[in-house]
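Please find the structures below.
Presented sequentially are two complexes of chain A, the first with chain B as partner and the second with chain C.
Here is the complex of A and B:
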C-alpha cells in the first residue's frame, strides 16, 4: 500500500510500517508521530536513533532490550510512546515490525 | 612406516530434553563410532513431556503421564553425564560441570531449552504466589494449579502472558479455551469471568490465525486485553498493573512468566538479554563460534519455541553437522517450519502450520487435498491428533524415528494462500 506522507509517496505494509528504510526521513517521522498523537521531543529522538542503530546492526528489538539500553527505562519508554510503545516507536523510526513475538 | 595416531573426536550435547535427546539419537546412527565419541549432559533425572502440562490442571492428564526417566531415551553407546553444566569456555572448547570437572569438545550442541523466571516481574512471587497466582508452565506449577481448581468457587480468572517470546505461544490461549470447557462441565461457567491478557496487539501475531482465534474467544465469552505490558503484581489488591497505567483485577491469576534461556548461557557470555543464543536461523550454527550449534528453545531464531520445531531443526542440524565434519560449506537451510495443535475445548482442536515466510492458513495436512487433518479449522480429528502427539513424542520423536508424511521443510501444497 502506498501513501503520501509529508509530500512524499511512501510504501507501507498493511500494518503501516515502512517497507523501505531508505524512504524514511525526519519529516516522515514527525508525520507518523502525529498520527499517533505524539509530538517528538529530543528524548523521543534518542530512543528512535537507538532503535535505528540496532536495526542497522541486525539486532532484534524487544521492550526488554530497550529497557536495558541505558537510554530509557521501560517506564519512561511508555511515557514517551503510551500505546503499544515498541510497535509505535519502530513504526516512527521507519524500521520493520519487531519479530520478537512469534 | 608411518603410524597414524587415531585420536577420538568428541561431540558434546548440553541438555537431554527434546532437542538434545533427538540429536543424540540421530548422531549415534550417523557418526562413525570409531572416530567420534558422543556425550550428553543434563542435571535432571526426569524427562518431561511439557505439552502435557496444559492438561494437568484440568485433571485430563495425570502427572505420571508426562514424566519418564531421562536416561530411557538416550541411545546405547552415548555417554550420559547426569550433572548440571556451570559454564562453557568457548575459547578453550571446554565445558565446566557443576562438580568442577571439565569436558573438551570438537563440536558442541547447545540444547538447554528455556525456563520460566517469575522473579523477573515485581510481586509475581509475592504472598499470593501459590494462593491465587499460579503458572502451568512447569511440572510443579501445573500440579499446584490442579489442586487449586478442584475446589475453586469461581470469580475472575485472568490468563496472562508476561512477555514474548514464550515457548509454545498458543498454550495460554489453549488454557483459556480448556478452562471455559472445564467450568461448563462443572456447571459453574456463569460463576467464572475469563479474561485473556497479552502483551501482543491481538490473540496471535499472525493475522489469519488471530481472526479465527478472535472468533473463538467471542464464541466462548472470553474477554481479551491486548498490549498489556505487566510492570508488577499487586498482591494486596489482587490486580496486575501495566507500565502504561492499566490494571486488571483477578481472583485467580494464571500467568506465563518471562521465559529465559538457561543460566549457563549467561555464565558463559553466549546469550542475548534473555539468555537466548544468537544463532544463524538457516544453519543453526552459533553466530560467534563455528564449532557450536544450537537448537530448540535455546536459540534466538525467529520461529516458535515448540517441540515440533525442534524435531524439524534436528533433521537439518544432523545434515549440517555431517557437512561441517567433512569441512564443507553448510548448505542445509532451516525454513522456520512449525506445526502446532491448538486445543479449543469441548474435544476439538485447530492445527496450524507455518514458517519464517508463510503465516498459518486454512487447508489440509499432512497430505495436500486429503488431510486427514484440517488447518486452521476446529475439528475433533485435530484433537485426537493432539492427544496422539504424546505417544508420537515418547515413541517416535525422541528416538528420531521418521514421522510419516511430515517433512522438515514446510510444504505449501494443499494450503489456501491467496
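Here is the complex of A and C:
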C-alpha cells in the first residue's frame, strides 16, 4: 500500500514497514515515530543509526544482538521504544521487519 | 469487541525444568514482549530449577519418555546419555544465536517479564529467596498469581 508521509508518497508493507529504504529520510522517521507515540531524542537516533548500519551490512537483527551492541542495553531499548521495541525501531529506521523470535 | 480479542498479557506457568520446556517458556515470554504483549512466568514444582542459582546452568534435555528423540527408552536411560543429548542441543542453540538459560533470564527481566516463584513449591523443596536468581520479582501463592493476571486479553499457559 502507498501512504503520504510528511508530504511524500511512500510504499509500505501491510504492517507499515517501508518497502524501499531509499525512500526513507529523517522527516519520515519523525512522522513514523509520532504515529507510535514516540518523540525521537538523540538516544533514539543512536539506536536507529546502529540498526540502519546493521541492515546495510546484512546482519540479521535480534533483541539479543541489540543488547550486545554496546549502543544500548535491553532495558533502555524497551524504555526508548516501549511497545514491541525491535519492530517499532526497525519500522522507524525504514528497514525491513526482523524475522527473529529472540 | 473493539480490540478483536487481541492478546494483551501472557501468564505462563512453568512446571518443568527440562531444557526443551524451559526454552519453550522463555521464547514464548520473550516473543510476547517483542510484540508489545505483557508476560509473566510462575515457576512451580520442578520448574523452580530454572531459576535456582545452583541448578539453572545444569538443566538437561529429557532422553527418556520423549518419543521425538527417536532413541530407544533403554538407550536413553544409559548413564551420560542425557548429558550427551544436552550438549548436542546446546551446540545447535548456539548456532541459531539462542542465549543460554542464565543470559535468557537476564534478557527476560530487562524486557519487563515478571518472574515469580510458587510459594508452595518453594516450601516443599526447602528453597529460600537467596537460593534463587536475583531477577526474581517475588514469591507468590496461586491466588496472587491469578490476581496478577486480572484484566481483559489475558491468556494462561501451562508448560
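Rule of thumb we're sticking to: the second predicted complex is superposed on the first by the 100 of 102 C-alpha atoms of A that agree within 3 Å, B and C clash if a C-alpha of one lies under 4 Å from a C-alpha of the other, contacts with A are read in each partner's own complex, and residues count from 1 in each chain.
The criterion applied here is as follows: a residue touches a chain if its C-beta (ideal position, glycine included) is under 8 Å from a C-beta of that chain, and two chains touch if they have at least 3 such contacts.
All values derive from a computational prediction rather than experimental measurement.
Asks: Taking the superposition on A as described, I'd like to know which of chain B and chain C A:65 touches: first, second, both or neither.
Replies: In the superposed model, A:65 contacts both chain B and chain C.
Asks: Touch check for A:17: first (chain B), second (chain C), both, or neither?
Replies: neither
Asks: Check the residue A:83 against both partner chains and state whether it touches chain B (first), chain C (second), both, or neither.
Replies: A:83: touches chain B and chain C.
Asks: Residue overlap on chain A between the chain B contact set and the chain C contact set?
Replies: Common interface on chain A, chain B vs chain C: 62-65, 74-75, 78, 83-85, 87, 100-102.
Asks: So in the complex, which bits of chain A are touching chain B?
Replies: Result: residues 14, 60, 62-65, 68, 74-75, 77-78, 82-85, 87, 99-102 of chain A touch chain B.
Asks: Can you name the residues of chain B that touch chain A in the complex?
Replies: Result: residues 163-165, 169, 199-201, 205, 207, 227, 229, 231, 243-244, 272-274, 300, 302-304 of chain B touch chain A.
Asks: Contact residues on chain A for chain C in the complex?
Replies: The touching residues are 62-65, 67, 73-75, 78, 83-87, 100-102.
Asks: Which chain C residues qualify as touching chain A in the complex?
Replies: 27, 30-31, 33-36, 97-99, 103, 107, 110-112
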